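The chains carry the letters A, B and C, assigned in the order they are written, with residues numbered from 1 in each.
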Amino acid sequence: MPPRPMHAASEIKQAIESLLFVAEDPLSKEQLVSLLKDSEIDVDSGRLPQEVEAALASLHVDCAQRAYELVEVGSGYRFQVRSEHNKWVARLLLHRPRRYSRALLETLALIAYRQPITRGEIEQVRGVAVSTQTMRTLLDRGWVRELGVKDLPGRPMMYGTTSTFLDYFSLRSLEELPPLRDIAESGSGAMNDEVVTDRD
Amino acid sequence: MAEVEDTRKEEPVDSVGPSEGTYKLPDDLYIPPDALIVILEAFEGPLDLLLYLIKRRNLDILDIPVAEVTDQYMAYIDLMTSLRVELAGDYLVMAATLAELKSRMLLPRPSEDEDEEDPRAELVRRLMEYEVFQHAAEQIDELPRLERDVFPAALLRPDHLTHLEPPRVELRELLAAFAEVLERVKLRKPHAVETESLSVRERMTQLLDRLASTGGYVPFSDLFSRSEHRQGAVVTLLALLELLRDGLVNVVQHGFHQPIYVAHASSQS
Amino acid sequence: MPPRPMHAASEIKQAIESLLFVAEDPLSKEQLVSLLKDSEIDVDSGRLPQEVEAALASLHVDCAQRAYELVEVGSGYRFQVRSEHNKWVARLLLHRPRRYSRALLETLALIAYRQPITRGEIEQVRGVAVSTQTMRTLLDRGWVRELGVKDLPGRPMMYGTTSTFLDYFSLRSLEELPPLRDIAESGSGAMNDEVVTDRD
């Protein structure tokens, strides 16, 4: 059966729709462009980025009537079920969502806001040792990565967050993290940001 | 092996602890009983504990009454010791810091010296900084999260396409993966393995029955029977912690001075 | 506000759409009905089967413009990519990193060491659901096979490894898998005796 002739724009849109629905992780505009390149779609490859952008915008509008929406997160675009339907999803997926310990969340917060940061620096702020298990969980989940060693005695490893972290928490970039409460708000005039950020 | 011995020594709870009669749970304790559950379960270290003590009493973080806070802190350390909860060394370091601070605060300060720094300044700075990140962690926890709040919409793949070039795996990768699983299993074992006894299991069942029959939120303090004394209270507490960890009960408190309520997890959703 | 039948119908449709998009397997009409039962949707439960049927028909029409279609397969309904877009899916699968997910490796490891084991048991240890995709991949690769059902409520399937699995990892027999104690030690920290002895 010969492929029925299709408008390039509509073909691009359908291709992107299929790709986003089948991909395990969000796909970025760049990934989409490179997946569409050198295909039989009749479009100048220089124009592909704009075409992809237009298709995404059009898909976004299309799903207004659907139970899912197109969202942009750290590593790209994904379709997700609108949160008002979460109650149905919960009925289907019976497993209880995993809860994360405060130790893990606090460590993650320090890494997210203060990256690059060493384990020692995290421990200094939290006042307790960071367990190996906590670090490993963060690395395993792919939320945190090693950024290289710091030029200090002992050559400690520095850590930072990943795009998987952004994806997981539906953030487009680190800028979208909730703003840190100003330390001065808790009251001290003697406190200034330098003291806080310039540790070690 | 070591754990088995521990369990045996655990039996006479009342004989453990610095001095008989210093602690009577839940009535007489310096830290009110309804705070106990919070304390036992959730402190993330000495700074966390200190912040809790300060906030609970609505104290000014910039003008901490060191003597008072130190006494409460020590009471907590003693309590943990008496319950045979192993404390991280950081708690003891902080205890020493507080003791030193307390003694320095007792010394008259040379008022003519303007530059003299308040001996509490460093501690205050650390507390405030930690508080900022505590808050940040709470906010991160509330972000919409995959697997909990966000569910990607996916299409099943055409079956014949799943066979494309399967990835290669090495045995050591497989072993590493398994080691992780085992490690996680170990961590999810009750932290109270040593203290978990039949009586705790039994109490868990009793508590669940009671919460289920009540069908709503029960004040935390009502779960303790005055007639049971200390050991009974500890058993109830451990049972509640177990239930909480397993997600079988929910605990709510609407603020620092508010009473704590407990409910069967299934009674709400 | 008096119940409006139209409203219930559209809610049912959106619920079904969400469910089909997150389900790992096709969902049958009966499953859908039972997932929708006892909800706040204002519909007589006796009428639910017809309502579900009507919603499926409507969804079928809706996706005429989409890159996917609603199909009925043996065990129920699922959305799938229209076959004319398979080429894009194939491109994506060829481009993706050639690695298995941690979830897959952990599942395989559990099956290897704890066979016969049910999916529920795997989920219990891992603390998260095992996706159908994961199981299917392991079965497709010929590393895992079904060993028969366990005599338990629900009659869950038990899984074990195959000789293909042994061949692939150059093992003559399962005995050649490193003992758990060694893994634990090479991993980190001392093992909990209880977990180790669990093997037999």
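Here is the rule we use: a contact is a pair of C-beta atoms (placed from the backbone, for glycine too) under 8 Å apart; a residue touches a chain by one contact, two chains touch by 3 or more.
Quick caveat: nothing in here was measured; it's all calculated off a predicted structure.
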Central chain (by mean CA position): A
Reference chain A; chain at largest CA-centroid distance: B
Separation of chain A from chain C, taking each centre as the mean of its C-alpha atoms, in whole Å: 24
Approximate Å spacing (C-alpha centroids) for the pair chain A, chain B: 30
Interchain centroid distance [CA atoms averaged], chain B/chain C, Å: 35
Numbers and ranges of chain C residues touching at least 2 other chains: 18, 21-22, 68, 81, 89, 102, 127-128, 188-189
Contacts with two or more other chains, residues of chain B listed in rising order: 147, 151-155, 157, 180, 183
Parts of chain C lying in touch with chain B, wherever the complex brings them together: 18, 21-22, 26, 68, 78-81, 83, 86, 89-90, 93-94, 97-100, 102, 105-106, 108-110, 112-113, 125-128, 136-137, 140-141, 168-171, 178, 180, 183-184, 186-189, 191-195
Residue ranges of chain C in contact with chain A within the complex: 13-15, 17-19, 21-23, 35-36, 39, 62, 65-68, 81-82, 84-85, 87-89, 91-92, 95-96, 101-102, 123, 127-129, 188-189
Contacting residues of chain B [partner chain C, same complex]: 1, 147, 151-158, 161-169, 171, 173-186, 188-189
Chain A-facing residues of chain B, complex: 42, 44-48, 60-62, 88, 90, 94, 121, 124-126, 128-141, 143-155, 157, 180, 183, 187, 247
